[in-house]
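Quick heads-up: structures coming right below.
The same subunit A turns up in both complexes below, where it pairs with subunit B and then with subunit C.
Showing the complex of A and B:
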């Protein structure tokens, strides 16, 4: 048990260091940006008409005059106390904005994550066990096309077919327009989330399916499968293939978190879905440094958390790793 | 047919190279046509005169699509080359130097992989003030990680092979080792890796441009075209989005196919499959 704790602690320290690195990198990149937050948000004409006093006040608000190092250290010290600053665009605490946006994205992300993983695994298993035959060719062609399709274009196509042409699904947003928050039913929410979730599920699918296929093919070529066949064993798929594919499948599943979040930025933009990805885009376009920094750190934390979960689950799934770790 | 894998791959390569040359050439030639407005023929659906239709300013969508693809190609080539170079240098450095250099480089790789690509490209593009160089730098600086890992792993493996240990003991110079033993092993894998970067690079460029952090709106990039088409989606002008996107998909599929074929051909284990 002790080595598991040590292992976890080591990973947690590494994760904290990485998060620190991410926040510093993101901060430096935003600081290096030549885009003036005042010009972006106030506009040239309005800025020209303002009194110098007012301009100085605005410069203070957007943090133009404070040195970068001071700003970063200030941000870091309050971030460690759980305060990620105030969003300049939304005028609310960053943590609140991120929490709310993540809350509305979460079901989308979770559904897409689960669906792409399950479908990818199934496709990979089918293709790998039928190598060279038509199901394999069909799935490989499908995956190649999918991985070559930009997700936002797919979203546009789905919108054109289902929302404009067939008129069966809403064209955007997460709730009907003009409806009070209390009167929105679950069915309405689901209807609005259907197309975004579908588009998002597709983004991670092909990668998982193709990698699983390779792994299944490797396993089927191995000596132990040959031996099992020679002994006339049944249930080879369940007893040998699935067990040996589980580990790489787990890696892929948890590695796809970043891809899904990245895809959600695009998909939410097309469907005007008020989630975290859309907030990232408006923060970036509007020069809202605290919010963009907060979103970057939050998504990085999710990705690193996923990696950590995968590392910990290896030991649960594979007894060899568990015992190997115990010995060292 | 089985023995002809090499021949078909070669043919495919020649065909693809031809397509790419033709695309970049026509894109250059059509740059004028692509942004020429003609209000006498705006919002035309696809017809024999303009197969991809025209937009609300009467610009020919076929010309715009081709110009956009050639722009994508340029960004793709530039970023694939740049990220390939970064991956080669950092990957070999990590494996050859070992110790803290290896730890540092691996840490940076983890760092870059920890932030979703789109978000990181947005950040880098903002740092460079958006535009062509912003998005190029963004894509180039995010796509080297997996290739660098591959190179690092290969070099680490090669370092321990009997023939390399032997030649080191025999006093063969470092540069000769690199030239005669490391590079010939590394090059095929590396080149396929670079070609397989192409699809990702092109797609990410289009995505970031679509979001408004990439190429400026006056350039007929695919991302810009699709972003503009969004406003006309509800009025049923399907051709504005369908054809440019479809062409992009075809281009990316072509690259993915070439990369995949090359990978199979160049890896000795799979070449005879």
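Showing the complex of A and C:
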């Protein structure tokens, strides 16, 4: 137990360092960006018509005249006190914006994550147990094609087929246009999330399927499977193959959280889906430093949390780690 | 004596496709013949790569797809076809493999010995066979990685005797064990033979074979070159093949004669 606590503590320290590094990097990148927040948000013409006094006020609002180090340290010290600042674009607390956007992305992310994991595992099992035969070749071809297809391109393709030609699914947004928030049904939300979620799940799927296939092939070639056959055992797939493939599959699944979140930035953009990924793009292009830092830190924490969960689960499930460590 | 297993002129070859369509036939076992009698330990001795495991897997019909097999296999007087082997595996014919890698690393010993069965009779039988090899109830709760080399072999033997097999094929069950533990394991084979099973003990260790076997079969490059009793071998009598004579000379005490 003690070693597990130590392990977790070590990971949490590492997470703190990681978040610090990530926020600093995002800050420096944004600071070095050639986009002038005043010009992008206020507009060239409006800016020209303003008095120097007004311009100076705006410059203060967007933090143009404060030195970079001072701005970052200022952000950091209030962030450590739990205050992530106020979004310059939305004029609301960053935590609130991130929370709301995450809420609308969450279903998308969860669906894509679960679907890519389940389908990936199923495809990997089928391919691995039919090595060299047609189901294997079909699945491998499919996965290799998918993994060399950019997700925004796939998103456009799906949009064209389902929204433009067949007109069976909406072209974008997360709710029907003009509908009042209270009147939106779950079915409508699902319909709007379907295409983006599908596109997003495809990003992780081929990786999981191909890795699972390799693992299944290794397990099937192992001595213990031969022994199980030598003893006339039935249900070898369920009793031995699944049991030995489950752990690596689980690790892959948790490691794919990062991929899914990364993919959501582009996919939400294509589908005009008002989620966290889209907010990240607006914050980046609009020079909204507090919001961008807030989103970066939140997603980095999610990804890190996923990996931490995978590590901890591994320790709980794999007897070689659980018992091996318990004895030392 | 009526034999439980008869192998006549068994050959195993592999087809390899090298460069384009050129097919090469790799013959791994040629002309292997032996018999195993109930109540006796037959030792098959041959150096590494001589085709011993291929014989074991041929008997159980576990050879890979690209292997071609010819020759005669008789079990209990009737041809041992694939269908028949599939019904006999794990019931009448048991394999005792080399070591711990033949156990599922993610499954506890108990369920593995019982092959997943949970009924009271299976549990009792499992307890009985593990007890017989000095493995207490706590061993059922261990994972393979927690077993010592000697314990793992005893678990593998316990797996084999769960169903009271009539033919036991033990493929190099002793490497990596200290001499005392190895002797003890061999004692278990002798015991199983005394209870009526036919035991085919496969090894590359001639001296071990001599201590346990009723009959010695020598395999050289995929061919059986000699079949004789350990007593005659020790005395150096009737060693027809040069390889057997070389084996005999390799035993230290024989050089001083």
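Throughout what follows, the second predicted complex is superposed on the first by the 326 of 328 C-alpha atoms of A that agree within 3 Å, B and C clash if a C-alpha of one lies under 4 Å from a C-alpha of the other, contacts with A are read in each partner's own complex, and residues count from 1 in each chain.
Operating definition for what follows: a contact is a pair of C-beta atoms (placed from the backbone, for glycine too) under 8 Å apart; a residue touches a chain by one contact, two chains touch by 3 or more.
Keep in mind that what you see is a predicted model, and the values were worked out from it rather than measured.
In the superposed pair of complexes, A:73 makes contact with neither subunit B nor subunit C. By the touch criterion stated above, A:233 is placed in contact with subunit C alone, subunit B being left untouched.
The partner of subunit A that touches more of its residues, comparing subunit B with subunit C, is B.
In the superposed model, A:152 makes contact with subunit B only, not with subunit C. Of the two partner chains placed by superposition, only subunit C is touched by A:244; subunit B is not. In the superposition on chain A, no contact is made by A:316 with either subunit B or subunit C.
Look at A:285: by the touch rule set out above, it reaches subunit B but stays clear of subunit C.
Put simply, subunit A touches subunit B in their complex at residues 17-18, 21-22, 25-26, 28-30, 32-35, 144-145, 147-153, 156-157, 159-160, 164-165, 171, 258-259, 261-263, 265-266, 269-270, 280-281, 284-285, 292, 295-296, 299-300, 303-304, 307. Interface residues of subunit C, counted against subunit A in their complex, comprise 60, 62, 86-91, 94-95, 97-98, 101-107, 115-116, 143, 145-146, 159.
Within the complex formed with subunit A, the subunit B residues making contact are 107, 110-111, 113-119, 122-124, 126-130, 199, 203, 206-207, 210-213, 226, 229-230, 233-234, 236, 238, 241-242, 245, 248-249, 252-253, 256-257, 260. In the complex of the two chains, the subunit A residues touching subunit C come out as 222-224, 226-233, 235, 239-240, 243-244, 247, 318-320, 323-324.
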